[in-house]
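Some structures are shown below for you to check.
Below, subunit A partners subunit B and then partners subunit C, in two separate complexes.
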Partner chain A sequence: MRQDWRIIGLFIGGVLVLGTIVGGPLLYSIKLSFYTAASFIDPPQWVGLGNYVKVLSEPLFWGSLLNGVTIAISAIVLQVVLGVTIALVLNRQFVGQTVVRALSIVPYFLPTVVACLITQWILDPNYGLLKSVFASFGYGMFDWGGNSTSAKATIVLVSVWIWTPFVVTCVLAGLQSIPGQLYEAARVDGAGVMKQFWHVTLPGLRSVLIVVILLRGIWMFNKFDVIWLLTKGGPLNETETLPTLAYRKAFLEFDLGGGAAVATISFLMLASIILIYLRVFPIDEAKQGR
Partner chain B sequence: MTRYYGKSPKQIAGRVGLYAAVALICIYSFFPIYWMILSSLRSPEKLFLDSSLVFWPPDLSSYKSLLQLTNYPANFVNSVMMAMATIAVATTLSSFIAYGATRLRFRGKTTLVASMLFAYMFPPLMLVIPMSALFRIAGLADSLWGLLIAHLAISLPLAVWLLWGFFKSMPFDLEEAAMVDGCSQFGAFIKVVLPLSAPGLITVGIFSFLLSWADYVFALILIMSDDRKTLPVGLASMLGAQDLRWGEILAGATLIALPLFVIFMFCYRYFVAGLTAGALKG
Partner chain C sequence: MDKLSLGAPSSKANVSDIDRRRFLKTTAGAAAGIAGSLSAPYVNAQSGVTLRILNAETTAASQSALRDACNEYESKFGVKIVVDSTPISGGYAKSMAAINAGAPYDIATAGYIAHILQYAMAGHIVPLTDLVKKYSWGKQGTWSYKGENWFYPYDYNLVTVFYRKDLYQEKGLKVPNTWAEFLENCRALTVAKDGNIERGGCVIPLASDSATNWASFGNLFADAPKFYDDKWNVVLDAPENAGPTGRFLDLYADLYKTMPAGMNTVSYAELMSLFATGKVAHTVYSGRVVEALEARNPDLANKYGIFASPDSAGKQNALSFAFDGFILYKTKQTEAAFKFLQWFIDEHYIRWLHSAWMNFQPARLDIYEDPRWKNHPMIQKHWATMEQMKSFIDEDSKTVLNSIDMTGPSFDLRPCKVFDANIMPEMLQNRVLKNMSSSDCVKAAADRIRKIG
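Coming up: the complex of A and B.
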């Protein structure tokens, strides 16, 4: 096939634009992390690895890393368990299946802000729905943002509500690829429902689940908006994660270099995970998320 | 219910259990959204007292004061402009890139596609911290043009990734047939490939819209003036205000979600198609 110069031109143009607006900031972020800028106006000073040394020696950095990992892992475990359960129910035949499937993925497409505002409203200490429910049982409303566990739990539960539909959709697609004969064979061998799940369904979903866990894990680890909108990293940095720490440093403490260093460190950690992912699932297979 | 004649009690119990589970899933998925809409339609006097589940008769006073007393209408216009521009540019550019990546012969194709995957797993702060500094230098601080660049930076990699999969699965024969008939490759791309890719382009359009419409992080950091804010940031800032006006906030949240519900109803299958292709970072 003869190559058309217009196709080549548009392709190169597109790649240049994409490279500039994504690659440019990326490289500049790495550059910033080697400089210190007291303000946005002053010329930055080269400090070499100074920002990294400073950041890595702060207990807050390690606390944030631990919080981020804790939140991400709890959210993923719940999402996968709940997502597989919901998918197994929605995979059965029932009246209104299409409508219910559609309804069940609505939370995924809701802007995070909306989901967080609904949560804040339901959990409002004075007028929230949860307070009324508690009051009708004779209990008072607890201060959900006031201690580490309930603040983290709120973030995890809201994240699970929003992002479980991703697991449901991928698992529903994955279930189609398990041949029905496998279930028949298992039944002939006398396997009950639970045995069929463990020996046929789960192994059949293996690759889907690996992809889902990796993707959701990475995105959850990068999450800024849910945490910022619900707790702002509080109480006392108990829900601070690397994204909120990077934000706090760069825009509230005006330490752009420090913020860039935190962002670069989390990027390097994720990049190594993604490289492993690409090694395990080369591009062509990775395509359909299975 | 004649279908249940001749079924064992165990089977009937199974059906009842299934429908109970389905009902639970519906309540779990939709109740919070219903509660938001319901609360937004209560009159201000009843909002803090009433916790019944019926909203009839609806009271629109929260919507009225939202539209009359706050920056919401201006924010709405900004959000619509951002979303439209993101859809237009992201869809066009990504179709050029993805088409070239599937049809041109060059080294490093896999690297290009793999880097798309990389790009949409970036920590957003890795992009927004340098952007805020770069835009300041370029005179794009506090500007919707800067925000558009940011929205393109998050939606383009995803769009290329989606369309790449789409063009790759499209047989070359169609274009070759057109080219035998005297069409150039560019002509074949415009007249044959793009029209046949409508489903892929719609999916890309929808997901670019979602990323721009729902973006909070970039708008929070890159925009300062109240009248340039987009909906998510404008609305979230009402939460920090002295007097918490829950009626207006929930009315605003409902109005952000409304366009999504409408698109969702008409384009459900494209949402699912994009979702299973690993689309939309969440």
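Coming up: the complex of A and C.
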């Protein structure tokens, strides 16, 4: 076979760029996790697995892991359920369908910081819109940031608000690729709406959902911006997750080795989960199955 | 046109072609240049130098004051100065990135002692002792490490308690001298309706952040428990210190009931805005509150008063603080940067202080007598408050000045870690959000301080 050197050149170039901007910091971070340094100034000192032992022995690490998993799973479940439901509605013909489809993706365009500021503005216990609404019914405003459950719920809510349109878009594209004959055949066989959904729609969306859940899982597990903007990991570390813990250790407590160890463990955990996930739900087979 | 003969012509130029006007202009220009360079001790042959300043004072007025000074310096001495302004939270990372990239800034504004100590320990900044020693400073206005002053202060950031004089008058209250009186005043001024606190008795932050570390422990410092003994052993949970600390936590828990909701996420800005909008009767903050009142609620700017946080027994009071100042990095241009700083202090320090006229409470005592500073209309208007603020920093003042990051027998990174790890804010949170007993909260905090070393 004749080699196309331009393609090989582009490939090597791409690998080099990726290796530099992704691999470089990754390897540096992993290296840093074997050293201890009180700040960016102190010369790092080799401690082997010391940072890992220290980090893994901290209840805060396990609490942060649990918080991250809780927030990620809650958000993904809601995003997928809502996303599929909205996509099913938008997949039907109705007047103004194009406009509604366009509007449905608007939250996805919102910068995260804007979405978080709007949320804070609505929920502010002293000036917030919700406070006025509650007061008009004679109820007091709850302190959403002072309670573990409501603080987590707020993070999930904002994540669902911003990212559900992404799920809607992907699922809508998937729905349009399911052949209409399958539904006709199902109806001929006497399948109702629910049976059509379970036996035609869901299998048809399998590959899309596998990718969507994978991507949303990665992004939610690594979620930093929404959590930091809304709660900074509080109250009492109840919304601390591994990314915020890594940031806190490295950039607020200047325990660079500890922060790098948290980040490396988080990376390894995520990589392992992705490998298992793809083994259980192989994307290629899903495509073939469809 | 008359020609001037200037002696034998050189081989490269025929100066006999120079006319009178050009000669006069050239001579005058040269004379002015020589005179300028002789009369300017700040700069000698610095053209071509570019200095970089990392500025963490990001209000428009402060940025403008600094930029104008830099422009003037450039036009006078030919030294270009680039100002990079960044919020205070990003200053350290930016500064370290610059150092590690081999292109450190020349000058920076800095306030957090941990950063300055680290720079000094690693040899990244130069001492400013000679510059500092030219003036007298307020109590704890300067500090030294290894016998040298490493920064040139410009403010104090004293955390005073702001209160509503009109409400005090209305309710017949007096300025509190004890914790109990402060609590009673807060309770008396709390207004609740439909389950909401419409006007809080006070706002004292509770978040795991620098605002809480900075602003929430005045009452604790007034009772003066020790965090460390003279040999840096942690003694916060020793009986003589655990007692007052535990009682302070109980006080906070009682005060918390008079606060509006949201203390766990309250920010620096909200500490001001809650007071400026009449949502609370007391707040804790520096002089910037007065600037906020003048800008947003001028009516209230005539009705506020300040006091230092009282202790439990009415014997002394205390203020938390966090000074700001200039530091000079060790670079190839340190000499040029030093000359600029010296010139800035001589020529523009007052305007710099005016850019945050109440927040930049001078650390230098001579400034209080300087009419250039004093005659600022807003300083004149709030002179009584400024005098009161100055009384806290007078050498004979009995007011305790302290900060989480400066506790202990000497300046050290250990208490800074307590600050960075939010151990004290989380002690408060354990008390009011988890409802832990005060003694358990103190024990947990002391254990964490021991653990971080």
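One rule holds in what follows: the second predicted complex is superposed on the first by the 254 of 290 C-alpha atoms of A that agree within 3 Å, B and C clash if a C-alpha of one lies under 4 Å from a C-alpha of the other, contacts with A are read in each partner's own complex, and residues count from 1 in each chain.
Simple rule for what comes next: contacts are C-beta pairs under 8 Å (C-beta built on N, C-alpha and C of every residue); 3 or more make two chains touch, one makes a residue touch a chain.
Bear in mind the structure is a predicted one, so any value in this text is a computation, not a measurement.
Of the two partner chains placed by the overlay, subunit B and subunit C both lie in contact with A:Asp124. Within the superposed three-chain model, A:Phe251 lies in touch with subunit B and with subunit C [touch as defined at top]. When the two structures are aligned on the shared chain, A:Pro179 is found in touch with neither subunit B nor subunit C.
In the superposition on chain A, the chain among subunit B and subunit C reaching more residues of subunit A is B. When the two complexes are overlaid on their common chain A, residue A:Gly138 makes contact with subunit C while staying clear of subunit B. Using the contact criterion defined above for the overlaid structures, shared-chain residue A:Val17 touches subunit B, although it does not reach subunit C.
Once the two complexes are overlaid on the shared chain, A:Val89 sits against subunit B while remaining clear of subunit C. Subunit A uses residues 40, 120, 124, 126-127, 251 to touch subunit B in one structure and subunit C in the other.
Subunit B makes touch with subunit A in their complex at residues 18-19, 21-22, 25-26, 28-30, 32-33, 35-36, 39, 47-48, 51, 93-94, 96-97, 99-101, 103-105, 110, 112-114, 117-119, 121-134, 136, 149, 152-153, 156-157, 160, 165, 172, 176, 179, 184-186, 189, 210, 213-214, 216-217, 220-221, 231-232, 235-236, 239, 244, 246, 249-250, 253, 256-257, 260-261, 264, 268, 271-272, 275-278, 280-282.
On subunit A, the positions that touch subunit C within their shared complex are 38-42, 120, 124-127, 131, 135, 138-143, 145-146, 231-237, 251-254. By the touch criterion given at the top, residues 1-4, 6-8, 10-15, 17-18, 21-22, 24-26, 28-29, 31-32, 40, 86, 89-90, 92, 94, 96, 100, 102-122, 124, 126-127, 129, 132, 161-163, 165-166, 169-170, 173, 211, 215-216, 218-219, 222, 224-225, 228-229, 242-243, 246-247, 250-251, 256, 259-260, 262-264, 266-267, 270-271, 274, 278, 283, 286-289 of subunit A touch subunit B in their complex. Residues 93, 96, 99-100, 118-119, 121-122, 124, 194-196, 207-209, 260-265, 274, 277, 279, 413, 417, 420-421, 426, 429-430, 433-434, 452 of subunit C touch subunit A in their complex.
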